[in-house]
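Think of it as A, B, C and D in the order they're written, each chain with its own count starting at 1.
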Amino acid sequence: MNKINRIGFVIKPHAPGIEGILRDLLAYLRGKGVACVLESVAAEMIGARRGISREKLPAKVDLVLVLGGDGTLLSVAHRAALADVPIMGVNLGRLGFLTEIPLDETRLTLDALLAGNTDIISARNLIAARFGRRIHNCLNDVVINKGAASRMIQLGIRIDGKEVAVLKADGLIVSTPTGSTAYSLSAGGPIIQPLVAAVVLSPICPHMLAFRPMVISERARISLKLLTDGEEVSLTLDGQRGTLLKKNDEVEIRRSDAVLRLVTSPRRNYFDLVKEKLGWAEYGGGRRN
Amino acid sequence: MNKINRIGFVIKPHAPGIEGILRDLLAYLRGKGVACVLESVAAEMIGARRGISREKLPAKVDLVLVLGGDGTLLSVAHRAALADVPIMGVNLGRLGFLTEIPLDETRLTLDALLAGNTDIISARNLIAARFGRRIHNCLNDVVINKGAASRMIQLGIRIDGKEVAVLKADGLIVSTPTGSTAYSLSAGGPIIQPLVAAVVLSPICPHMLAFRPMVISERARISLKLLTDGEEVSLTLDGQRGTLLKKNDEVEIRRSDAVLRLVTSPRRNYFDLVKEKLGWAEYGGGRRN
Amino acid sequence: MNKINRIGFVIKPHAPGIEGILRDLLAYLRGKGVACVLESVAAEMIGARRGISREKLPAKVDLVLVLGGDGTLLSVAHRAALADVPIMGVNLGRLGFLTEIPLDETRLTLDALLAGNTDIISARNLIAARFGRRIHNCLNDVVINKGAASRMIQLGIRIDGKEVAVLKADGLIVSTPTGSTAYSLSAGGPIIQPLVAAVVLSPICPHMLAFRPMVISERARISLKLLTDGEEVSLTLDGQRGTLLKKNDEVEIRRSDAVLRLVTSPRRNYFDLVKEKLGWAEYGGGRRN
Amino acid sequence: MNKINRIGFVIKPHAPGIEGILRDLLAYLRGKGVACVLESVAAEMIGARRGISREKLPAKVDLVLVLGGDGTLLSVAHRAALADVPIMGVNLGRLGFLTEIPLDETRLTLDALLAGNTDIISARNLIAARFGRRIHNCLNDVVINKGAASRMIQLGIRIDGKEVAVLKADGLIVSTPTGSTAYSLSAGGPIIQPLVAAVVLSPICPHMLAFRPMVISERARISLKLLTDGEEVSLTLDGQRGTLLKKNDEVEIRRSDAVLRLVTSPRRNYFDLVKEKLGWAEYGGGRRN
């Protein structure tokens, strides 16, 4: 990892108390001689002369600091990965799977990073979805699903050039291990430890009950072809960016060359995070015998 | 049941061979002195002078005969129920949960009905969804779900006037027992025998893993209120008719006064149908020990 | 409900603090002129001259008071139902689905019952399992399952005299609505509101993925026949009492004539209880978008 | 792969027609100059002088030929893996996940192997379970589960030395990708492509609904400790071999050094096999819209 001389700020602008938090951290970091770069909305918030767009920010800094939730982090994660810049997510209240650092550990974690500690950085593979001439890098998932008023869609699934199945369903989630605890989990997919070299294909409300989530090699070339006509169907990338698909459109998914370096809390490992987020500790309900 | 003097035809117009099947059945029934009434698209197909709209047809006849799949039958089921006219679904190839009569049993089944046999008629309760000033009667289900590119929605669920939960999910299916083997099953809901006096609330990809399908009394008054803003959200009735919802819109669901009388095959009972449709007989896969 | 002149005590003997709680309640009730009858283990605990067996206690009293968890209540529930005596479960720490009254509401709830308040009593249907010449009444569930080291078993399932399926699985749970939040929920069954007149058949690890939980009428006559040989297979009643089954043994299940009158908390309805037990309120994990 | 000079026969002795099939194959192979070694039960069947135990057979031959189902193959798979000898499973009627070769392709497949074709051999990692002083190599799964009449058990799960969770459930399945389509699938686990370097932990009827199957690195050291007392609990290896566990017993599971070389059909790839076994092709049921 490069020495951290410049830190870029990405924020969830309407989070309560965000302005004070931002000002505090800027003062703290500037006191340590670190240059701070703000995305436009953050610059505006504190009356700074000029910010920089969220898209361009990662390439200008040595660390991206996100103040917000997992959604905010996801919106910039692929840019940070492409720029090979680590990202640190500070949650403003509720622990996130990606924004794992609580506000009161922020300075400590920044100090550790500034001192060159890389133990708390977790490497996360991205997947790349090619649609038409564009390639979209995704940290969590690539989703194809039907519109609210649409009927079931049919997707032809090919893996490494061979047809695996025609899926009839509301849609399909192709998720990285990092994304396995997000949308895929809601659709019935398994929890996948981030270091496993795999992706999971989780159908959304499949017509066929035996069509279960499939964990396949991250080296696999996945091709999804929309076979149905006349319905509204979307391709959604990391739950953030999307585009409409029409009959015979194909999306090709494979492992991205980009890797995200995600700052995690030294106070918990991956399974601690899962346990805390999914409420395993407090659970009181269900069976008796 | 009234004596059957007039039979109304509802068809899936693009089904292969539909014209010949229609002509044959018309000839057969007219030969028995039964008057036949055609919906417009069927009238046009055989060059008859005038048809009648699908909406108005049930009130004009003593039996509705559907030639097509479950979707075709669903499009007219609520009208038949409101008009208190039985409905008979003839599938044109693939067995349906609603269109259970195969083509080669059609004459036999019609003969039984004309002779006054009511043993093969199964009473199915409908649910009524009130939205704004309109009431929609549904044989299968009332679904609220998010658009393809939308984020998770939040629905406030009240039962008999008391708040039960705020559901974060892609959507919610409120299904009759008849609809329990349709969309609800794909979403993880149970199979419910038609005579059980209940409805099931099946969440679609719920955020909270412990939010499981709930079977409640068909006497319950269910109120669903959309709590989220800015996303495309639809209300869909029997997978056929729909409308958009906006924040704070409420949908109230309760048992309908209408009951559908559905003609079933004398050759199989409800569980035979489930077994055949879900492939329980042929299944070869899965476990070993 | 009869006027409550005599209250019978059933306890979980190793619960922390149980002796003090028992002495306090006895003093409180005797102060009100209510006669208290103790099961043997409770009598022994406080050095009373004689107790009565748990089996015989319900028939001697006007109310059964359980100090313990759901397991303790289940052990006496069928006896209370057969004797037509209401039962009140006080949990000693952790809220139960059946033992809903917390310790600090015990006096208040007893006062309400002594004053003749019946609003807080919920009627719960039992199921009766006949095996050989014995009939077992169950509040929660009847379970057939394989031994730890056994292979998958095969069960022939008949409903109202007709064969529905041959299930290959680890076992099958036949559950009342009351039991739907216990073992059946763990096996993938739905939550069923107690007043729904139904039972649910939930397979345990079925070989066939399309074999899903089935909700059927409580009027149905269910017959389960063990078709496999040479494996250890148990019939378990309310998770408490059990017996071994061998090939061709049949268990017949139908609605019991007995109804349990269960005292519930006036401070929460059924769905509040579900919400609290299943942790719906606190849940923080899972999806993001 | 070594040149195949000696082939060892393992059979399911009560399979219909097995004797004729065995005699035919022996004649065929001897005609090609291949030495045939029989396990005891096979030797006895055809009146040969002496057989060899199933345990010792793999080490004496260049290929193990199994005539039977997946259970028969599993009973010898770990021995073949330890002896580094490939195994070929011929199913006698019903396609297996492991016994993929149909009888009528047997000669063709043997010819290919004798000619040195290794394209049809799939390498499958095993897992090794250490319990006490013994190490058990397993192709499919290691299962800890409760007895038929036992209550829920508690298992402490540690991964790489850190406690991940205390599971309350009927049991836990630790499965390889090869085993993912066996017991684990019935318990709700995902399908895992054999080449993925992972294992899956699938809980059996977990008390906590948010405890979902977890896919973790095959490099992980998994430790399972039984925390409950007084119940019958078994450790079962590949659904074949087992032993009882008592409180505080620990089972350690990690990747085995042994790899099984499994002969697959040249006529289908892994997903074709999944599709055929799980009935994806023929499925007719379920949803409509």
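Keep this in mind: a residue touches a chain if its C-beta (ideal position, glycine included) is under 8 Å from a C-beta of that chain, and two chains touch if they have at least 3 such contacts.
As the structure is a prediction and not an experimental result, all values here were calculated from the model.
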{"item": "Graph separation of chain B and chain D (steps between touching chains)", "value": "1"}
{"item": "Chain located farthest away, centre of chain B as origin (C-alpha)", "value": "D"}
{"item": "Chain pair with the higher count of C-beta pairs in contact (A-D, C-D)", "value": "A-D"}
{"item": "Where chain A and chain C are represented by their mean Cα positions, the distance between them in whole Å", "value": "44"}
{"item": "CA centroid of chain C to CA centroid of chain D, Å", "value": "39"}
{"item": "Length of the line joining the C-alpha centres of chain A and chain D, rounded to whole Å", "value": "36"}
{"item": "Per-residue multi-chain contacts in chain B, two or more chains", "value": "151, 183, 185-186, 205, 207, 209-210, 212, 239, 278-279, 283, 285-287, 289"}
{"item": "Arrangement of touching chains [line / ring / star / complete / other]", "value": "complete"}
{"item": "Residue ranges of chain B in contact with chain D within the complex", "value": "69-71, 74, 94-98, 140, 181-183, 185-186, 209-210, 212, 239-240, 274, 276-279, 282-289"}
{"item": "In the complex, chain B residues that touch chain A", "value": "145-151, 169-171, 183, 185-188, 204-207, 209-210, 232-234, 236, 239, 242, 244, 278, 285"}
{"item": "Sites on chain D touched by chain A in the complex", "value": "151-152, 159, 162, 164-165, 168, 177, 180, 185, 189-193, 195-198, 200, 205, 207-217, 220, 269, 271, 275, 278-280, 283, 285-287, 289"}
